[in-house]
Structures are given as structure tokens and as C-alpha cells.
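Below: the structure, in C-alpha cells.
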Amino acid sequence: MATAANSVPHPTLVKGLHNRWHPDIPAVATVKPGEVFKIECVDWTGAQIGNNDNSDDIKNVDLTKIHNLSGPIAVEGAEPGDCLVVDILDVTPFEKMPWGYTGIFELENGGGLFAREFNSKAAKAIWDFKGIYATSRHIPGVRFAGVSHPGLIGTAPSAELLATWNKREGELIAEHVNSVPPVAFPPEPIGAYVGQELSEEVKTKIGKEGARTIPGREHGGNCDVRELFRGSRCYFPVFVKGANLSVGDLHFSQGDGEMTFCGAIEMAGIITFSTSIIKGGVEKFALKQPIFLPSPIDPLYSSKLVFEGISVDYHGDGKQYNMDATVAYKQAALNAVAYLEKVCTFTLFNSNLLMSAAPVESHVGAIVDSPNACVTLALPLGIFEHDILPTEAGFTKKDFGQCAIRSDGVV
Amino acid sequence: MATAANSVPHPTLVKGLHNRWHPDIPAVATVKPGEVFKIECVDWTGAQIGNNDNSDDIKNVDLTKIHNLSGPIAVEGAEPGDCLVVDILDVTPFEKMPWGYTGIFELENGGGLFAREFNSKAAKAIWDFKGIYATSRHIPGVRFAGVSHPGLIGTAPSAELLATWNKREGELIAEHVNSVPPVAFPPEPIGAYVGQELSEEVKTKIGKEGARTIPGREHGGNCDVRELFRGSRCYFPVFVKGANLSVGDLHFSQGDGEMTFCGAIEMAGIITFSTSIIKGGVEKFALKQPIFLPSPIDPLYSSKLVFEGISVDYHGDGKQYNMDATVAYKQAALNAVAYLEKVCTFTLFNSNLLMSAAPVESHVGAIVDSPNACVTLALPLGIFEHDILPTEAGFTKKDFGQCAIRSDGVV
Amino acid sequence: MATAANSVPHPTLVKGLHNRWHPDIPAVATVKPGEVFKIECVDWTGAQIGNNDNSDDIKNVDLTKIHNLSGPIAVEGAEPGDCLVVDILDVTPFEKMPWGYTGIFELENGGGLFAREFNSKAAKAIWDFKGIYATSRHIPGVRFAGVSHPGLIGTAPSAELLATWNKREGELIAEHVNSVPPVAFPPEPIGAYVGQELSEEVKTKIGKEGARTIPGREHGGNCDVRELFRGSRCYFPVFVKGANLSVGDLHFSQGDGEMTFCGAIEMAGIITFSTSIIKGGVEKFALKQPIFLPSPIDPLYSSKLVFEGISVDYHGDGKQYNMDATVAYKQAALNAVAYLEKVCTFTLFNSNLLMSAAPVESHVGAIVDSPNACVTLALPLGIFEHDILPTEAGFTKKDFGQCAIRSDGVV
Amino acid sequence: MATAANSVPHPTLVKGLHNRWHPDIPAVATVKPGEVFKIECVDWTGAQIGNNDNSDDIKNVDLTKIHNLSGPIAVEGAEPGDCLVVDILDVTPFEKMPWGYTGIFELENGGGLFAREFNSKAAKAIWDFKGIYATSRHIPGVRFAGVSHPGLIGTAPSAELLATWNKREGELIAEHVNSVPPVAFPPEPIGAYVGQELSEEVKTKIGKEGARTIPGREHGGNCDVRELFRGSRCYFPVFVKGANLSVGDLHFSQGDGEMTFCGAIEMAGIITFSTSIIKGGVEKFALKQPIFLPSPIDPLYSSKLVFEGISVDYHGDGKQYNMDATVAYKQAALNAVAYLEKVCTFTLFNSNLLMSAAPVESHVGAIVDSPNACVTLALPLGIFEHDILPTEAGFTKKDFGQCAIRSDGVV
């Protein structure tokens, strides 16, 4: 095994767990530029979901506690205005936990892109990790290589940036007071934690002001961009001394859009980083939000079946929207769901879970042809064990079963 | 040259030119399933734009005449409810016209995604075709392989489908009566033509009812999806006997989003098709809108620099939108524009034209993390003659000039 | 069609046809660096093969006349020791001749990689070009995108280089005097031509000294490298003033190895070039033989079934060779042939023709593990209409027929 | 971390270490079809090489002990004539040993492709693993994603097959008795081991008959095919009851050809498998040697600079060979070496080590154009930190240093 002499493993840094973004959360560890280090991450819910065959844990999930973030990690020499270069060198599950999950939340507890359309009830699929591949006993007939990535990664905001976030999101909430699910989430002291000993005064301040972790923002955050798979290099704006990088919500795989919200293959695991600093990079690169270079090992599912959608809700009430790419994405996704249901006999739950979790691609087609934005969604053919192409004869139908549902049987 | 004996070239079908969608426009030619045939297409404006160095023709373009479509072509045996399989076998410019153009329209005449933000003035770039590549004397420093495709392709609507379109778009227009540019375009007899001899009664009906060609719809139409490049196989729903396929708006290349509206490399040329029919395919495949299989020869620009955007207008007034992927796309694009301007000294015009025309990719990242949809936009590194990566030292700046502008010098 | 005004098509240069390499063949046209120009090429045999359904023309082919090369083209300013940069901008068949052929030669007339093993009789397949795709009535069940390229392209040799070739190949011939097929081809005045008016003295000299065109050499020549597909940029050493580039033997497609010798899809057509010069490039780049940058539009047949071969002739007499990659390539190819025969019911002829013509990849695995070199050969799955993967149940067998054979029925 | 409850890690099977192929070596563990399991592997030399800065360990390596193989593993139900399907689910280094090495052996002790040409002296490079990437302090200026794979994997031979190997290789050795390095390696009792308690009689038999592990053969073995990277599915012929799969010689990365013999990035680590059986597969698939499906995560280094080589030893004595792909591969490699030396100032050692270890591709171009086989070798541009393309101005030269050499300074 080559001699063990002189083998120096990369260090695993002590993790701090926090669930709010705030400049006053101190770094729990400091690294030097160039150093390779590892961070352990719990899954985003903090171990609320089990490797079993019903979805009661999904139904009852407590979302005030999310997301569980590891960090912050300070980088020596980073100052506001710099660009923090982060190499995502690897993302793997824990060796002892080779599994993850994808869930559909209830409309009243978490929601998801189609929560209202489908009056969603809790459902889930457990995925088994077999090396680079995932399969699921709850969604038979598919297997795919993971594009493992952090769903959530970002630098700490400055006080000014945090204030901007709270102001603009507060205004949006004020415009939609009774929305279900809510349009955004204001600071909430209940459930807030910082993962280290801090004075009551500071903790209270963080609870009252700290930004919730659900949306992505200018610092990165919960962008859920599957293109950040292991091997990527990211350029983050730095807002506070040390940059204070936090990370969590590891995904074994995810489709573009992550439509069910708990839609990636959520997992616990280890992420390996190295960093460097480009002084004054925010100004140099006009950096309003992170930019990145994708990894060279993006799985090559080059054959795919592509669905279009436009900004008309023709799967719903037929309403014409004005250049709305979100509506167009939904139609493309619903076209794919209908296809899988009709052609391959997948249930609505199963196709939703699959399309959230598998390496599905969604492109913005054209966004200038009034009034219809056009968005496409592509199913990679290579993930199916059977040929799903449109043919005169059609797919050989078989029973692909139903994913894990509530123990009371409500679907 | 192999003996010329027994060489049978593919026929070029007589073209009919029309610019409205209506079931009463008769087919101008009929093909059999399996036959390979060619269609000649003028550019979408009908030769209003010239190969020269000012943008006055863009400023004065007459948009009542667009789009110039070739067809309709009937396919023997196709009936409503069938699926028409169309192989886009090739898309090439005319040998005698190895050039195309990309334009930015004025806010008051055509607009575009950023027309309001930039109070757009007319600008354009002429692209020279050199085999599979395009270069531009107006945008020096770049060269890329074309992903040639039809911007506009679709089957004829039935009377019922046409009525649905007119109703829903009429309602949208009614809600936004004074919008500049307008949110949608109602039927308009002025400028309508059908490309063949028809009775006055029929022509009047078509002028009064015929759908305008700007948006993509359930039949395909102007989806401007660059994934339809030559080599693709498309599955269209059939709404009228014969299917009545029409095509136009050929693009030598286009970026995802086609942001300047006249944003692809617009060209005149020839498209080669073959077709087949799957009986009852609409029902079999739950076909609400075309689906397709992309070509195997998608240019491999695997190295790219990716920009994120979220649904906050931080390049404008800072407003928080609610899960709006269109706003997120715009921020990602503006981040890329700012980068090219800052790092590479591209002008706003040049970077806009380039990103509209080049094989830029835009993915829907996540569309479930309230309130921020996240969209990415990727610049392929291989299209630039210089290294554009973020580095400490930065790009060696040089003067990339300015594209063609108005002869009165207004920009 | 965008206005035709100011449209300047790329010029097609007058072709000169020659079939020997010699420094005294004058250029038939001169181009400037940067100019885009086209060259028309006959097929490599000079129209000896017809679009019909027997292989008599293959059986009787006259190989003293080959290859038919277009050129030479001089580039202004190129001098010995420079590097000539050649952009292969496009390669297309003639519009009026949308077909090509692949042949298996007789052992006594042309041979091929397996001519001796199979005691080859003449066979051929005609391929129909449908846009970017080829299909064959003689090899049903497959369709693939062409990787069109010139099989033969090179600069003219200097007198010294030519003398080196003739000396070393003469020595090889002397060692294998009675070999069938011959191991190499010495200069041969019979059948030599130069495509232009020259003095008898010069023509006699060229006939006596001119190198035959079959092998690739230091100047390029008949390398039959499919990686030179349209869109590639090549760097050639220059040996004579003007560089004197010649080209021919266009291929619509070819597999790595081109095993049947007439193994690509041979076609007549048009190649589009532009050139530039790097002064002193031979010394600068240590240029012993051309180097090149492949095109970005290599067809993406990423799923493939790979066969191994080692340097043991286990398909023949079982002999152990010493690190012989040629033997290893042959075993890998024979393994694939056996697979197609057993699993898919392809005939020996059909699988040979298919593997010569389709985008088959062959890699040198390892060439250091004595005594066995290992070479792989990969069949792209996407070219077959049926699933050819190994499964318990196996492929649904059907009759794929037989390619065109001799009219006397001998196979 | 998702609840730890119900998490079942994949088992790591007890390893047996052997270094000969023989049917009488009993399986050390048995698995069921479908089971996921892990195998630990030492590096191929058995820890003879250290993580340090001189090459004395390479100079003095004891090659009688190689290769160290883990196994054999029996698969329940496998019988001679079956096809054993092996999924290579993952290949990773040990977490505690994030490094590997590439070496150049001395001509008299191990050799390598260019051992004679260069009168090779020992040299080596240590590679540090940083997640999916490798870098080397001994070869600065490059970084690349690993295509990790087993260099050596195979099923146990039957007594008949073993006899065939020994006979044919013995004949080759007899023809080249004094060759340095030797052309092949006969059975050798000295140094043979079987990794378990066996009777003296059986051990003696294995020592006297057991095939050495250097070459790949019909059962797989040391094929050193980099296309077997993690995620591949392989189909092996079964020759003995249980199939008795053995594996070793893990590579973090390797270039096509593995030119320095110890040319991959050699590492110790863990390989994850699952298996299944196709009854009678040898006959069904005409299986003479393994076939396989590559992984979808092949690193996408699509931009590359390609070198050609032909079967003339123009880097040596200029001799003309007859269709010899091995000679052609060597010229292509030497062209690349010369280029890196001239253009980028890499030393001969460094370019050799780099090209052995990095994801270099080598294709068989054409193998039918007498007398010159043509082979290409492609350097991926994305692995270099600097632009290595040929330009007028050339590469900015810098000192890339020298790899680890002998402590006596001899190079």
C-alpha cells in the first residue's frame, strides 16, 4: 500500500452547527489558504428522517430547525471586498451511512413546487448508495451516477447586507400575509442556534436578526445548484473579516429545479475543501453573487428526452402569464410527469421524486418571445433500466410500485 | 466523385410564405412519411437587415411583417391526435450568403429582455460564417461553432386551439393596455399574408383570427430553443389533417434565453427534414407540447464560467420578487454582462449581442427555495480567443471596439 | 433572407488533380493567409464505384490511379521550416450526390486488415446521406451522425524528404518481395498524373520519384485519422516554398482503424479551409509530423460497449506476439465482429463494413505489460436502432440481410 | 445526518494476497450476486515505494513479488462458461493515505516503453490527492481529475487455459533468450505466494505453474485499461467454479499506454463491487476476453492537442516498419514529449511521468495504409495551469523543475 510512512491525511475540522446567517456568529476554526481540509455535515433536517418505509417523519418534520450548517470557517487573510476561491474537492456520504432520501412535503408543512396543484401529502424515497450510483427500493427501474454537491454554501453577510435582506423580504411578506405555504421566512428566535458558547445578548441579537437559510442570496446560501458538484471551483464575495464560510445540505444528486423542495437526495457526509484569496476580487470581477467553474466529471448522460413548457398554465386553469419562466418550468415538468405516468406507468409521487433527485437538466429556452417564456426539461435516458423513448409500440408496461407513504395510507 | 450515375439529390419543395397561424391556410406541398426534403427559408424579417456597418435597418425594422414562415407542408396520413415525428436532418445557410446578424431593438420598436433597463437603442453585429464557425468584425475576439436550428417550427392549430390562444392572450393584453413594449400581440389584418392565392373571404378570416407568430405555443411555434439543433428528432402533436408543418427563423447559433429578442444569429438558409407518423401519439404520449431528442453533435464547450442569479432585482431597484425565474435569469445575465465589461472591457452592447448569439447555457437551478428562484448562466470559455478566467492578475485588457450602431451615433 | 446585397460567397478554387507526392508539382492556385476558400474533391478512386447493388466495381477497382488529390494550393509567405495552420472549416458531400460507399477489397486487389484471415471477396455498402446522418440499404438497423473529415491531407515534401521516404520504403519492400498484398508501394510511372501541363521531363521525373499516396507520412498524407473532422485546426510542417497543400479522400464517417482499407464512407464533396502561417514553427514546436486541435462538434456517443484485444492471435493460430499493438487491435476488432455475429445476427461482411464506417473508437490501453499490448475497440450504442447490450435474454434476433456482393455470387 | 438507525455499511471482505494466477488458489471469501462489497488493496509493489523525494526505492524495487492481488473472491452460482458481470462501483485511496506515485524504472530492472531509447535511470513523482484531483510537488504546473480504476482485475484461469498461456509465452521467451528487458516472464517459484494456508504440494504446484501477473490475458488481468474507471460494468468469462475474481494495482489515474510501465498513479485503496451472473454468457456473447461498459463520469477534458505517429522510427534510426502500431504509438508519444520539452520546458523525465499518469488519450487512427499504421496521442489542455497551445509568441517559459531522482544524482 505504498509505505504508510509520511502519509498525512487531510484534517477534519471540528464542526460548529448553526442555522442562521449573521455576522456575529464567530468562526469555529481557521484555515490557511492552500490547506486541504474536511468538514462533516449532518443532513439538512438534523437526523429527523429515517431509513424506513413510511413517510410519517416527512409529514411531521420540524422546519424551524433547518438548515443545519457546519461552520463558520475563517480563512486567514480574507477581508471584505476580497474574493474567496473555494475548491469543492470532494463530497461523499459517510462510509457507515450509504443512503439518503428524497421527500414530498405536505402542503401545510413545507410545501414544494407542486404542493398546491397536487394538495401534497407526505411521501418519500430512500436511496441506497452503491459507489457512484444511487438506486431506490421505493423507485425501482432506475439507477444513476450521483452529481454530489453542497445544496447550501456561503460566506457570512455583513451587517449591512443582512439588513438589506431583512428589509426586502419583510416587504414581500407584508404583501402576502396569509399565503400558504408562506412566500418567505422572517427572522425567528425560536429554534435558532449557533453551535457554540456565546453571550445571551449576542444570541438574542442573532435570533432576532439572523437570516433564515431557505433562499439563496448574494453570498451563495441555499442555491441548490447541482452544477456545484465535486470538483467545482467557486468564487465567493467576502463580506466579513475571515469570510466565514458555512456549508451544509449535502446532496448525493439533484435535478435542475429540485421540484419537491426536499427534492435532492439528501444525505449526511463529508465535504473536502481548499481555499485561496484574490484580493479586491469583488471589484475586480464585478462580483454580486458567486461565480464558479464546474467540475470536469459531470456525468455524461448525453442522450435525453426533452420536454418544453411555456408560460401558460395549461395543466391548470389555462391562464396566460406574461413571460413567466417559473410557470414555463412547471409546465415542462408536468409534461414530463404526464409522460412518465402515461408511457411508463410511474405514479405521480414516483415521477416527482425521481425528477427531483435524478440528473434532470432544465434550460431556459427563450425568454423574449412575448408573452411566452419557454423552458425545457430533459430526462436522461441512461438512468432508466428500460427504453422510455416514444415508439409506436410503446414501453412495456410494468408495475413500478409506489414510494413510501404515510402509515395512515393517505396519499 | 463516385459516379454521378444514380445520384438523386433531395428535392427542394416549393416554398409558400405566410406569417400567421391559422387552420385555413392550405398546405403548399405534400410529402410522404420517410421522404427526405428541403425547405428554403428567408430570414425572419424578410430581408430587412443588411450586411453593413450601421444599425439603421434594425432601428426601422417593420415588425408587422414577421415572422416569414415557409410552408405549410402536409404529411400524408397525418390526422388530428397523431404524433408527427420530424427529423431536423440539417440546417445550413445559403452557400451564396455566408453571413447572419444579431440585433438589439429600440425600446419603442421591438424591445428585448433588457430594453427597459438599458433604454435600448438600435445596435447590431454581422457574423461571418466560416464553415461550422461564426466570427464577427463587430465583436472581435470570439469564434464559436454554430448550433444551427430553426427558431420557429410548428404544426397548424385547429380552430379550437386557435380560439383558446386568442382568448387567453386577449385577456392578458386587456390587463396591460398601455405596456411598452406590449405584453402580447393580438391578431392584426394589416401585414398578414398567406403566400398563395386564396379567396378574399378566407384571407380576411385569416387576417382577423390568425395568431401572431412571436410566442411559442402548444404546437411548437417560436420557442427559440437552441436544443433543436440539426440532428434533433421532434415529436409534434397534430391538430389538423396533414399536420401542416411550417418553419422559419433559422438561427446559425443562439444562447439560452436569446436575450436581445433579435438575439440569435439570424440567417436565411435551407433546412432538411424527414417525417414519420405515430398514430394516436397525442394520447399515447400525453403530448401537450412538442418533445424532442437532441442531436448527438452538440458542440462540446465543456469548460465554462457560471454566473448565478436570484429573484431579487439587485441590478435595479433591489426589489424582492417571489420565486420569479425570469428575474433570476436576468440577474444571472447581468452578472455576466458586468463581468465581461469589468474584466474583459467588452461594451454593454457587445456583451449583450455576444451572449444572445453564442452557445451560452442557462439552467434553472432551484425553484423551490422561497422566495428566491435561482438560475445560472454559463459562458463557454472555448469561444473566447483570450483567457477570461478570474485571476489575481486579471485579463490582459484590450480594445474590443463597438458593434454597429445607428448612423446618427446615438447609443 | 437578409438582403442579398453585400453577400460574398467563399470562392471555390480551380482544382488540379494529382496522385503522387513530389516537390516539382507546381501549385495550381495561391491563397492569402486568412482567406476562406473551398476545394472540390472527387472520391479517392476517381468515380470508379457506383451507387448500385453489386460489388463488381469494387472487385475490379484500378488502384494504380489512386488517390485523386485536389491541389496543390500554395499559401503566400509560407517557407520551409514554417508551420502552416490549416482550419478545416467544413467538409460536405456535393448537394447533388448525397451518398457514399464502404468497400471490402479482394485479397489480390487491395486487401485490407483482415484480407488474409477472411480470404476476402469484394463487398460493399452504399450509404445514403440524410443531413448529418448516414443510413444504408445494405446495412439496415443502424444510423449515425457523420464525423466528416479528409482522409488525406498534407503539404508537399522537399526533395530530401522524398528521398528519405523512397529509401526506407524501398528497403522494406526488398525484405518482403513476394508479399500479398504488398507491404508497400514504390514509385510507379504508370498511372501517375499531375493535373496540369508540365514538360515531359518533369512529368517523367515525378513518375519515377513521386511517392505513392497510400501511407501517411511526416507531412500528413493519408493518415485516415477521423479526429480531423470538420472544425479541426491542424499544424503542418512546411517543406517547400508555398507549403503546397493537397487534399482528397473525403470521408463522411470512419471508425478508428478503418479496418477494411476502403473502410470509411468514401465520398466526393467540398472542403472549406482557411490558413495562417507561424514562422519558424517546425523548430518552435518540434514538429516532426502534424499536430491538431479536434473540433468541438465530435458526435457525443457516450454510451458504448468496449472490447479488449491483446497481442495473442487467439482468433487465429494462437501465436504469442511481443507487444504488438496491431495484433491487439485485430483481436479487439474480431471480438466485436464475433459479438455482432452471435448476438445481433450481423454477417461477417456487414459487421466489418459497419465497424469500418461508423464512429467506432479504438484506444491503446497499455503498451508496457510484456508480452501483451492491450488495445480496446468501442461500439457506440447510439448508432444501433436496437439495444445490443449483453443481457440474459439477449437481443431480439432479426434478419439484417447481406450487403452488396459480387454479381457472380461469390462471397 | 439522517438517523443512523438502519444504516448498514457495505462490508469490507477479508483480503487474501496472492501474486500468481492459478486455478488451485482457493477463494478467500464468497459473495452472493447483488451484494455490494469492498476489497482493500495494497499498491502493486506491496509498499516498496515511499512518499519521499528520491527515487532509490524505484531503482531497487523487487519485481519478483509483484503484483499484489486481493482475492480470490468466489461468486455463488458462477460456473465455467458463465459470464460474470462485475460492477466497479467505486475506487478510492485510503483516507489516511492521500497520495500515490508514478515511476520510471531502470532499463535493467523493469524497463518501460522507452527504457532502451533513453537508457532509463530511476525517477519518480509523488502525487497528492485532493478530493477528485491529483497534483505533484515533483511536476508543478498541472492538476487533473483522476480516472480511478483497477489496473489489474480478472477471473481465475482453468488448468487448460493456464497451460495455453505457459506454452505460448514459453515459445516467445525461447525465441528471445537474452532480451533486456525480457520479452515475457515464465512461472517462477521464488517470490510466489498465495495469501493463505495451503499444503506444500499445492503451493509448489502453484509456484511452478502459476502465471505471472504482468500481462493482460483472456481472463482480464493486467490490462491497465483506463476506461475501466469507477462506474464501469464489466463482463468476464468464467473458467472455474465460483469465477474466483482477483483485483489489485489500483490507479488513481493513467494515460492511454501507461508508457513508463510504472506509469499510472499507483496507489493503495479500496474498490467497491457488486456482481451478477449471466448463465452461459461465454457462448451467448462470443466472449474471448472481457467486454465492458464505461462509466458515465469520464472526466470531460474535451479540448486537447493531438500528436500523430506512424510506423517509422523517425525519432530513432529512421527505420521503416510494416504496419506496426506499437512503433506508431511510440512516435506519437515522442512527438508529444518533444513538444512539451521545446514549448513548455518540461524535462524528459517530467513529461514522461506526466503523460503516463494524466488522462492522455491514444487512438488507433488507421491501420490499413501500408506500410504506415497511424496512431494519435492527445494531451488534454485542461490539465495544465498554463496555455500550451502553439502560438506565434509561444508559451511563457518557466522552470518546472525536475522530478525525484536517484540520491546519487544519476539521471
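Think of it as A, B, C and D in the order they're written, each chain with its own count starting at 1.
Just so we're on the same page, contacts are C-beta pairs under 8 Å (C-beta built on N, C-alpha and C of every residue); 3 or more make two chains touch, one makes a residue touch a chain.
Listed by chain with UniProt protein names: A, B, C, D = Acetamidase/Formamidase.
Keep in mind it's a predicted model, so treat the numbers as computed, not measured.
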If a chain touches chain A (Acetamidase/Formamidase) and chain D (Acetamidase/Formamidase) alike, it appears here: B, C
Contact-richer chain pair (by C-beta pairs counted) among A-B and A-C: A-B
Approximate Å spacing (C-alpha centroids) for the pair chain A (Acetamidase/Formamidase), chain B (Acetamidase/Formamidase): 31
Rounded Å distance, chain A (Acetamidase/Formamidase) centre to chain C (Acetamidase/Formamidase) centre (Cα mean): 49
Per-residue multi-chain contacts in chain A (Acetamidase/Formamidase), two or more chains: 296, 298, 300-303, 382
Parts of chain C (Acetamidase/Formamidase) lying in touch with chain B (Acetamidase/Formamidase), wherever the complex brings them together: 1-10, 36, 41-43, 45, 47-52, 87-90, 94-101, 130-133, 145, 230-231, 266-269, 272, 274, 295-301, 382
Touching residues (chain side chain B (Acetamidase/Formamidase), partner chain D (Acetamidase/Formamidase)) in the complex: 300-303, 382, 387
Partner chain C (Acetamidase/Formamidase), residues of chain D (Acetamidase/Formamidase) touching it in the complex: 83, 112-113, 151, 164, 168-169, 171-172, 176, 181-185, 214-218, 222-227, 235, 256-261, 263, 278-279, 281, 284-286, 288-294, 296, 298, 302-310, 312, 314-315, 318-326, 328-329, 331, 335, 338-339, 341-343, 361-376, 378, 389-392, 394
